[in-house]
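Attaching a single structure in structure tokens format; questions to follow.
Letters A, B, C and D mark the chains in the order given here, with residues in each chain numbered from 1 onward.
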Amino acid sequence: MTISIETARKIIAAALAKGRAAGMKPLSVVVVDAGGHTIAFEREDGASPGRYAIAHGKAHGCIMLGLPGSAIQARADSQAYFVQAMNGLFDGDFVPVKGGVLVRDGAGTVIGAVGITGDTSDNDALAASAGIEAAGLVAES
Amino acid sequence: MTISIETARKIIAAALAKGRAAGMKPLSVVVVDAGGHTIAFEREDGASPGRYAIAHGKAHGCIMLGLPGSAIQARADSQAYFVQAMNGLFDGDFVPVKGGVLVRDGAGTVIGAVGITGDTSDNDALAASAGIEAAGLVAES
Amino acid sequence: MTISIETARKIIAAALAKGRAAGMKPLSVVVVDAGGHTIAFEREDGASPGRYAIAHGKAHGCIMLGLPGSAIQARADSQAYFVQAMNGLFDGDFVPVKGGVLVRDGAGTVIGAVGITGDTSDNDALAASAGIEAAGLVAES
Amino acid sequence: MTISIETARKIIAAALAKGRAAGMKPLSVVVVDAGGHTIAFEREDGASPGRYAIAHGKAHGCIMLGLPGSAIQARADSQAYFVQAMNGLFDGDFVPVKGGVLVRDGAGTVIGAVGITGDTSDNDALAASAGIEAAGLVAES
């Protein structure tokens, strides 16, 4: 199972709707496939120019390690040099905070990830999970 | 004037509609702002994983030089080493073929660019121009 | 459908057997998944140290563009600057000659690629196709 | 003395067998030569896509410094900035935790290294040592 462009659009629309409903700052949302490659991305008006890279770095990090943003952030808190090494290893495309969320199908297989940036990392993750679940998929944040 | 996310969505939807109407291969479309930074991106089902990078490289090259893809491709045909130097200079994010199209407002100011990849470079550029014009903006391909 | 490690081992063993039977020079063989990420690799005794990078660059290029090595090599012959731009875009991990072979499942979906280096590019591709077909998959070289 | 492809296969098979017997998570194993260049690699089903890079970063770091992963990790604990500098120096291909294990011949000469990732760093190192010793070589973890 893979994430189609139609599903990716649903994820982004629902994530942005969650952000608007909760009064979050302008969000940027990326959906990547099981290899970490971008399927779709949107940056809301008012978000700063670097948001694609940050969103992608969150999602890409999740895919590369097979771990959600919360687990990567916890590892960063306990062993900073490991996480910094991952940043170097993946040529910077690795942002070790919440807001990167794994997307699993019903069988539990990782089929992609969502990365969101713009509000607090906790809120970024909430919006990502809302988007994934609205598309009928399982979020691991 | 800047390209809003709503306008970017219109550009992408119209570009993809053009591709479908013309029987093109699966397309990938990026819209970037006047600084070359991504506003929105979509990759159609069946497109290969590297398409974000290629689409962005086309749009980014246009913004960096202030030239449309056709002009950059012409320069590549006449002076390949210059264009190769640009590729190195911009850390690879520079793809010197058609399919990168400048977006101008009514006053002629460059407010962004569109990059499309997936079909022939000529068709990629046609789809990009169709998307830009459907959004009421001026395309320079 | 994905390529399991068991299937990857079969591909490599059969590709190397083809090379030995045909009297080819020492070969290096990589199998990557649909995102271009390495599943398995072997370098035969006597092969030079840079062979992992070359094999991976062939397979990775095929995945990124969704094209077999022969098509990429043809594009390099007709429009060298485009292919050189791809090398920059993918941070060097792009080797535009034969020996990169797409792996498709029965439905025609790209599920990975094989990259081989060591003998002539034509022979590299022959060995890769032999390996893929021995595993019951479809090779596009 | 060098590590032949046949020996590398033995190391990987025995390391993976150790992981299965101990109930470890899916492992990824690389064997590199005395120059840090990959001889063979396998990624077990279920391991995340970034595992080649991590495994290689562990083994490569060991070879570059002539130190086992435990010594590099200890240095990271005591002087994180030095280890971060090594990560930058070697272009990211340097992962400073256990699971990188030097391979020595009977005379004590470093002839390569093994890098494993997937379970805890301690378990990664155990599996690597098991693989090296099963091949009749000396492991320094």
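Throughout what follows, a contact is a pair of C-beta atoms (placed from the backbone, for glycine too) under 8 Å apart; a residue touches a chain by one contact, two chains touch by 3 or more.
Because the structure is a prediction, the values reported are computed rather than measured.
Q: Pick the pair from A-C, A-B or A-D whose contact list overlaps the B-C contact list by over half.
A: A-D
Q: Any idea how many Å lie between the Cα centroids of chain B and chain D?
A: Computed value for the inter-centroid distance: 43 Å.
Q: Measure off the straight-line distance from the CA centroid of chain A to the CA centroid of chain C, and report it in whole Å.
A: Averaging C-alpha atoms per chain gives centres 31 Å apart.
Q: When the centre of a chain is set as the mean of its C-alpha atoms, what distance in Å lies between chain C and chain D?
A: Roughly 25 Å separates the two chain centres.
Q: Touching at least two other chains at once: which residues of chain D meet that condition?
A: 49-50
Q: Just say which it is for the chain contacts: an open line, a closed ring, a star, complete, or other.
A: Its topology fits none of the listed shapes; call it other.
Q: Any two chains that touch count here, so list every such pair.
A: Pairs of chains that touch one another: A-B, A-C, A-D, B-C, C-D.
Q: Could you pull out which chain A residues touch chain C in their complex?
A: The touching residues are 33-37, 91.
Q: Report the residues of chain B in contact with chain A in the complex, numbered from low to high.
A: 4-5, 8-9, 33, 35, 37-45, 49-50, 52
Q: Mind pulling up the chain D residues that touch chain A in the complex?
A: Going by the criterion above, the answer is residues 47-50, 53-54, 57, 76, 80, 83-84, 87-88, 91-97.
Q: Which chain A residues qualify as touching chain D in the complex?
A: Within the complex, chain A contacts chain D at residues 34-36, 63-67, 79-82, 84-86, 88-91, 110.
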